[in-house]
């Protein structure tokens, strides 16, 4: 039991998975000798060899397509896309192949692959390094989309994703790669996919978030507590398929819901959650559902990045409002 | 600043030279152009290749008529390209993996996929892809070129496991314009993977002729960019296709790396049953190409060698007809699918949240209020 | 004033645009001599030449990337992607370039391009020919996503899209390419983008749809009328940016809303509309918002295609329910 | 069926031959290897190329120190590759269009982009890309290779308008693995477009060495796949780069179609300020490469020709220092942007629905409750 950062927890899970299953291979740009631009694969090539920790040519479509081909033959490829902004060339392979091979062959072949990528803004990086377009992926039937918000969940969910028999896109919150620390037991215990984590129980209002924004969302809960507002905080963790029951039962209890994500508002995944509530949780609603999100514009370069991101202040204000109305 | 003429280039030292070779054994009339490969001495081998091509054509033409009469969906026939399908598949071993496009019917038949399965798939039913062919083969791929990275991934699995197996990826001339194919070939070159890329150059991509597809004189030379050998074969000469594939596969199996085989042939049919080539292609061009088609070519040779005769032909034709008809009956006899089965292979296990949608389909099964 | 099909209206608009502006070029696979696999560009190459109606090599990423480059130099490229299922390779160019060039250069360069593609199921086509993933595109800031539901709107909206100074993805409902007929005045009059069309006014319930599903939605309205239910039908037409006011004011009037789309339910664009209502229309709601959509699975091959698509029956039932509850 | 050995190939007839030539004039020590191109007779031309390279390096190194002291974001220096940037840009005309990657600082400086503008962009402010360079030039492109199709599109616009203009696209060795580059080159070949593709082969893609990037002996030969000429130049010899580009651009302008120029050089620095090359690259390798770097090389030649001396050098260094420092001051003096401006260039006109979001940003401008 050691205190590790979120990115170190990723490395632990990868090493554990490669150690327990010879079919697991890691591939991507700079994942080998360099150990990944964020060090997520540090030491893996030295330990498992250049054939299982593959430095690929610079081609994201290739990385995802290789994963599909490998997976059909029983390997369990874990591809790394250096930043989510460079993942778009993989969408064709994800939509047209990875998510469908099982259906297309009616179970004859399957696609047990994981595609990892750091995502989200807040690290003062150049253009395209701050993407958070998880909603595009969470719309794809046959896929799983998972994102951790702590070292513990990073370790357990990544193990779960690698062991899962179907394709998983694993989104790693860049902003808290090192900022988030926690005690991780490297015991090979996976966490379940498809279920949300209730990080804090409360009666007055439900705050739903995932990935790096769980940090601001939890901070907002603390601040609201001081005002005597009892907040329930849900980390959705798996966006596709997501835990509808957790959302509905929490809102049934609180009657108020604030959804927080850093992606652009329109068509973001927060819309799906709000829609679910409008369809099946309406009668328990005491106040309008609120989305606190990134703005509907291009994520600005570092100088304005902070203004773009949902702040603790915006979340607190939204929750406070929700609690006043109704 | 001044700009000079490019002729300066000619004075520069050459640091790399490349060449593309072409393989063909039989002339269109079946005459022998050059010493045949060893396997061709065995008449049984040649007859089996011939039977494979005839069965493919018989099946293809039947499929078209099924489509015309509303009993099959859009279908891509391989008319005139049977030597590619059969020449390629016949050079593979059962444990090898084929990564086909949507037009490689003959290759999948040779691999053991049943005719009724092929019809079922093009008839709009995923169950056809369960396939009686090798369980590890990939299914028909429709997004052009997108299967090439899969082939490289499959070959990587063989490489990693040190298995003497080869992946064979088929695609068309149009597909060579896609980055997918390029990225896959480049990777295969770096890792010397056991994968053979087969460019079925039928000279058309629907209505787009080869010269609008690429400026390269051959498709084979595209392998130079990936650092391995490309070879052009006469795609209407099944002996050449089989020989080129046998060589390439043997090398790949021996760890000598990938190869690109350009099989130069011609699409004698419309692109698919949904296409009317008359809109963009003169009938004369097609007529002229019929003289080069692969089946008559091999037959002429077999006949000239006295290893094939009128009775053999009649028997074969009758046999193919009968097998195809029987398969069609089995296809038409396949029962409907329950609507809710559209969820059955979405995931290994259907996530709880989608159970209600599956249930809804089950409920509606017989009573969709708008019929 | 002639009666034309929807696809013929597209051809009329393209010809008109090319005629009035020499900067307009059409490019794509088989758009030239063949006039497009759906005949949408029939006759254009003969009329405007092979340099302005370009048969490209088979490469969708290329088509979208060429459009971006051309557009930066003042051309107005109209690219055609043969089916939406083959548009995924364009997403990188749309997200990382087309939608951002104006922002990236702070107005020095812009990207007036249109990317057309047929979309939707129901034509008994092979796999990948039935995609309806508009929600992925409607999440992209800087982009416009437009889809017509009649020949008149096809003509007017396509002209509007081509004249628009920013990038537009124009989704053409394959299923009604020929089924939909209407009288189109080839007068060069564009229809406004970003606004919804109220196809039918009503007091009891709002039905919102777009593209081919407007057909079933309108049929449902007829059926409901017979039962004395007074339906308002909205064709959203522009999904990004969409007409929030039209949605909210209609729901403020009816208090009931059914959203219909053929895309998979989870994360479909219907979620965004329901979310808007849950946030800003909640108080006027008399019944839960309902989404009648395609199922969360791979669009099945033709044998089960019809079962996958929202039917008039499902829409009617949903609307009837909405009117009974509350 | 039997599989034969690949040696059979050697008996097949050759149907196409290709070669790649290499251009270089100056040895690392500045000695002349072969007859120099005409323009090199003009000392003013060579001195201006020299000044361009020195200014680029002075600027790059200053940018790194700004980043190290927290006054600039991640920055990609072109240390050791100045001859590529300057040799390429100097062969272009104002009306031509450059389509750069993120590392072509020297080229953009030559094109007229101001140093403070470059710093502003890498300092995290889009306003830097307004650029004082030609308004039609494309901005820095960060997604590797994705700019190649843009260059083809730009060139197509010139072709359609019959303008004697050329698009010049720069990218790295890693970019040649991307399908984007491949698809763009293939299209340019088909239409014989006026576009020059420049592969800046600095032999590393972050930590990935060339041999893991591709198996092709040269990058120049990749043009063979697209049906046009590829040429390798010594990318540390600015005379060679300029000459090769001048020839290629002249041909393209004359309608002779595209060319691929591989400029073989070496990345003497870390990949970017965010990288530590020490993790994957031996210091000795880098040391050895310093002997080949382009600035000392040209200086040696100029000195040997007596057209450059100690005082010239001192003046130049002082001048560059002074210009860079002045630019840095202007950069640091640039005021902040109002948050709501993040909406100002999203569309030509901001759609009504987003007005409220812009307003919200304006309201929060000074009072974000969490500071």
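Lettered A, B, C and D in written order, each chain numbered from 1.
The criterion applied here is as follows: contacts are C-beta pairs under 8 Å (C-beta built on N, C-alpha and C of every residue); 3 or more make two chains touch, one makes a residue touch a chain.
Note that the structure is a prediction, hence the values are computed from the model and not measured.
When every chain is reduced to the mean of its CA atoms, the largest separation from chain C belongs to D.
Which two chains touch most often is answered by the contact tally, and the pair is B-D.
Inter-chain spacing, taken between the CA centroids of chain B and chain D, is 41 Å. Separating the centre of chain A from that of chain C, both taken as means of CA atoms, is a distance of 30 Å. Annotation: 35 Å between the Cα-based centres of chain B and chain C. Of all residues in chain A, those that touch two or more other chains are 57, 59, 61-62, 85, 89, 92, 96, 103-104, 127-128, 141-142, 241-242, 296-298.
Across the assembly, chain D contributes residues 126, 143, 177-180, 183, 186-187, 190, 212-214, 346, 354 that each touch 2 or more other chains. Residues 97, 99, 126-127, 129-131, 135-136, 138-139, 143, 146, 148-160, 167, 179-180, 183-184, 186-187, 190, 344-348, 351-354 of chain B are the ones touching chain A in the complex. Residues of chain B touching chain D in their complex: 1-6, 8-9, 12-23, 37-39, 45, 90-91, 177-180, 182-183, 186-187, 189-190, 192, 211-218, 220-229, 231-232, 242-243, 246-251, 253, 256. Within the complex formed with chain A, the chain D residues making contact are 73-74, 102, 121-126, 142-145, 174-175, 177-179, 205-208, 212-214, 274-275, 279-280, 336-337, 339, 341-343, 346, 354, 357, 361, 364, 368-370.
Within the complex, the chain A residues that touch chain D are 29-30, 32-35, 37, 55, 57-59, 61-62, 85-86, 89, 124-128, 265, 295-298, 300-308, 311-314, 316-317. On the chain C side of its complex with chain D, the touching residues are 25, 51-52, 54, 56-57, 59, 61-62, 64-75, 77, 92-93, 96-97, 101-110, 141-142, 165-166, 194, 241-244.
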